[in-house]
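Same chain, two partners: chain A is paired with chain B first, then with chain C.
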Partner chain A sequence: MSQKIILPSTSDDGIYTPSDGYEYTIGPKQSLPNEANATPTPSRIYSDSLMHRKQEVSLSAMAFLFQEMIATIHRASSSAQDFETRLNGYGYGIGTRLVELLNLRNSVPPNYSKSSTSNFLSNSSSASINESHGSSGTGTGTISSASDHTHYHENGTESLAAVINNMRPRDLKILDILQFVHGTMWTYLFGHASDDLVKSSERDNEYMIVDNLPMLTQFIPAGRSCDYFTCGIIQGFLDSAEFPCRVSAHSMPQGELDQRTVYLIQFDRHVLERDNLRFGP
Partner chain B sequence: MAVRMLLVINKSGGLIYHRSFEGDVDKGLNSNDYLILASILHGSFAIATQLTPKALQLSQSSSKNIDYTVPYIPYVGMPRGRTSSERSKYGASAPQGKLGSFKGDDFFKESFQSWNRSGVRQLCTDQFTMYIYQTMTGLKFVVACSQGTLSPANPSSSNNIFNIHVADNFLRKIYCLYSDYVMKDPFYSLEMPIKSTLFDKKVKQMVDNLV
Partner chain C sequence: MSAPAQSKSLKAIGEDTWKNKTEKVNAELFTLTYGAIVSQLCADYDRDFQKVNNHLFSMGYNIGVRLVEDFLARTALPRCENMVKTSEMISKCAFKIFLNMTPQVTNWSSEKDAFSLMLDENPLSDFVELPMDAMKQLWYSNVLSGVLKGALEMVQLDCDVWFVSDILKGDPQTELRIKLNKVLKDEVPIGED
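Presenting the complex of A and B:
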């Protein structure tokens, strides 16, 4: 009658699935002659199009990944400063790639694609409780498949270059590039534009991007500066667009929004000088 | 009907979260007493199976098809009393963030299985009623309320099964909050006391919504 609540770890053979790895209990496998000279199938990721597609990532999965990333960095870093720098570095690489990708995507004529939004993290799963409950619920599929687009790109015949007539020029004005970050990049990353874009009234090289509820750090209690990942993305983006700057995150609760975060962007002096020379004060 | 106390007990019987929502509940109980209380609860929960009358056990084991499904009771602990304009105001400022990683306006909308199959589900005394919800992994959520039911819609409900179902719905939502604000906190170590201020805040909101 006693009921096992927690399943003990078992040495059940059923859990081992056959894998392609080296099976040390069998020894080296003899490869068949026709297997040896078969061309390896290239990863699909290289033949994928850079085109938009509606893609949603489970927020739960992303949050767990982010959590483990934070924990790893936290363990490895010696000081708060060190922690922020490392976390910034993780985001930086994403930012530098986004400049090219988002510019390319924005060059595609709008009537080409039916689905015009692409979200990296826009929405979430309702399934996190179902994962731990096994039998209950439906477990909604969170990764909406790209079935509506695969027919173009499956064999790589339809190339994106043929669609683009003229490339969108990279933004050169400070305000334009900030608008791009505030609108396009934020929408790509988080599924909505950031809540505000403000110019500092005290120093003219400082701008602020405001997010009322940071998507990635919404589950992390205040007091730790985990928002430096997003700072890294912004900084990587602006740096590789030739707007060198420093970005820092500040928690600024306001009324009901107690997770409101402000990303402070401080451009280097020469960026402002260049802006003045080119476009007038 | 008021919620007086909420406990979270981990699978080995340790108290990892306790919070009382009435000032006078705390009198005479220090944190050590709470730990002991939680362990006793955990222990008596475990031996409750043995206390079940033999006839009931036999009838249970003979008919394997007992339905442990708990029906979904809409919007327990959700801000449904709010006007739609107020909700849309919140919706505009925080588009998806209202329920963390859960979509829609409620955490779940379908009936679910109760994993609490042989332990205590409800404890009635003259002073309070206690409900226990157990998750698949052995975590226990315990709520003590001053009257029999947690349902704000019909506070004088004497339908006991219904009361248990309301409490299960409520505690499962606390579990949803736990899965978001505790399990996704990188600075939380497993099986240790919960100190997340966000979890505190969300639990408080949900309890307030019950009234």
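Presenting the complex of A and C:
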């Protein structure tokens, strides 16, 4: 494969020679190589707004698609671990995209929207972390209700950058970034904050995010293998926010909640060392 | 009941079901998940986009044969007497209930056995741009053709479903074509006579 990562400057005519692949150094182009001399059409996605338009599809559609994705991966996998790794990979790419996107949207002033005020991305601050007793990961978190979703008015052309006065800094503390995952990211993905965020009392690099009824896997009984998609999203998010970690899913039924799932996040050691250096132990 | 009144009521049924009887999720999660699937398939098949198209179609087919049950359970709608009714049902009810969109039905064949759905909005392909090599061959939303094929087959309509054009390929609009081959006969399952 001809991977020319470093190309001469874009003013060089040479780069417009026909190629049969995506040129990463040039970026997306709308025209085919043999049409390169035609007037280039501006890319559609760059004129699309990143503003959150509250669009929804049915849970059924999502569940059907998810199930077929699982089936495809399952056929290709040689072992349970292989399956989980592959599924993790599907989610990982999604997680990496959410770091910037959610941070941008979170920077929109809360009183911006004309039609209705939104607290979609600002309700994570009141969530609390509890020390758990033992590794079972129990603990009662008090979580602000994520009842109000965004209601940004329908306006496809609105620029997100234009309404942001102060860019929200990316979280640097372990606890802050975890609150972001537990509150903001969870609300974005699943419509509610996760049910708990717990620190392990046994190992200081381990944290747990608890979901009483995982949205995507609620129709899939037994085993938590299929939750590795969500693990991948969490891991992709934290990795690209420079909090490298491993994430695994575990079944932790509690009373009526037989689908209750714990996402165990194990940070690399140096993440803790950095946290200690920066913010003290 | 006259034809316009019927179609109006289908529209109302679709909207009511979407509004009151449907649990909903963030469309962007759906978009992102589908994107992850397609891009992984492209890698798995070594960018052989014909195979990717086929795989997406078969995924859709598997979804369709089960989705129709979900659809009928939700709406309890009766059998359609002709393709015109079927097209309304697909556009105003099925697409509305599952994807919250209403594609426009158009381009009828003279025998009224084939029509097109114009997908103005398409939650599958939001934020999507195809790489240059994929633009020639990949039908990004091909899972939809499979879904329609599978679902229609389950209600005794043997149809061909394919994409005619796609905005992602630089076409002015996204057109999905549905052509009826024949109406399958109701057959009694083996062992039940």
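Rule of thumb we're sticking to: the second predicted complex is superposed on the first by the 189 of 281 C-alpha atoms of A that agree within 3 Å, B and C clash if a C-alpha of one lies under 4 Å from a C-alpha of the other, contacts with A are read in each partner's own complex, and residues count from 1 in each chain.
Please note the rule applied: a residue touches a chain if its C-beta (ideal position, glycine included) is under 8 Å from a C-beta of that chain, and two chains touch if they have at least 3 such contacts.
All values reported here derive from a predicted model rather than from experimental measurement.
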Partner chain in contact with A:Asn88 - chain B first, chain C second, else both or neither: neither
Contacts of A:Glu68 with chain B and chain C, given as first, second, both or neither: both
Partner chain(s) touched by A:Ser60 [first = chain B, second = chain C, both, neither]: both
Touched partner set for A:Ala76, first chain B, second chain C, both or neither: second
Contacts of A:Gln218 with chain B and chain C, given as first, second, both or neither: first
Touched partner set for A:Gly191, first chain B, second chain C, both or neither: both
Which superposed partner A:Thr261 touches (first chain B, second chain C, both, neither): neither
Contacts of A:Thr96 with chain B and chain C, given as first, second, both or neither: neither
Contacts on chain A seen with chain B and repeated with chain C across the two complexes: 58-60, 64, 66-68, 71, 191, 215
Chain A-facing residues of chain C, complex: 18, 22-30, 32-34, 36-37, 39-41, 44, 55, 59, 62-63, 66-67, 70, 97-100, 123, 126-129, 131-133, 135-136, 143, 167, 170
Chain C partner contacts - residues on chain A that touch it in the complex: 19-23, 28-33, 41, 43-45, 48, 55-62, 64-69, 71-72, 76, 89-91, 93-94, 97, 188-191, 215
In the complex, chain A residues that touch chain B: 1-3, 5-6, 58-60, 63-64, 66-68, 70-71, 74, 122-126, 128-129, 132-138, 140, 191-192, 195, 212-213, 215, 218-222, 224, 226, 256-258
Chain A partner contacts - residues on chain B that touch it in the complex: 11, 49, 57, 61, 90, 93-97, 100-104, 107-108, 110-113, 115, 117-118, 134-138, 172, 175-176, 179-181, 183-187, 195-198, 201
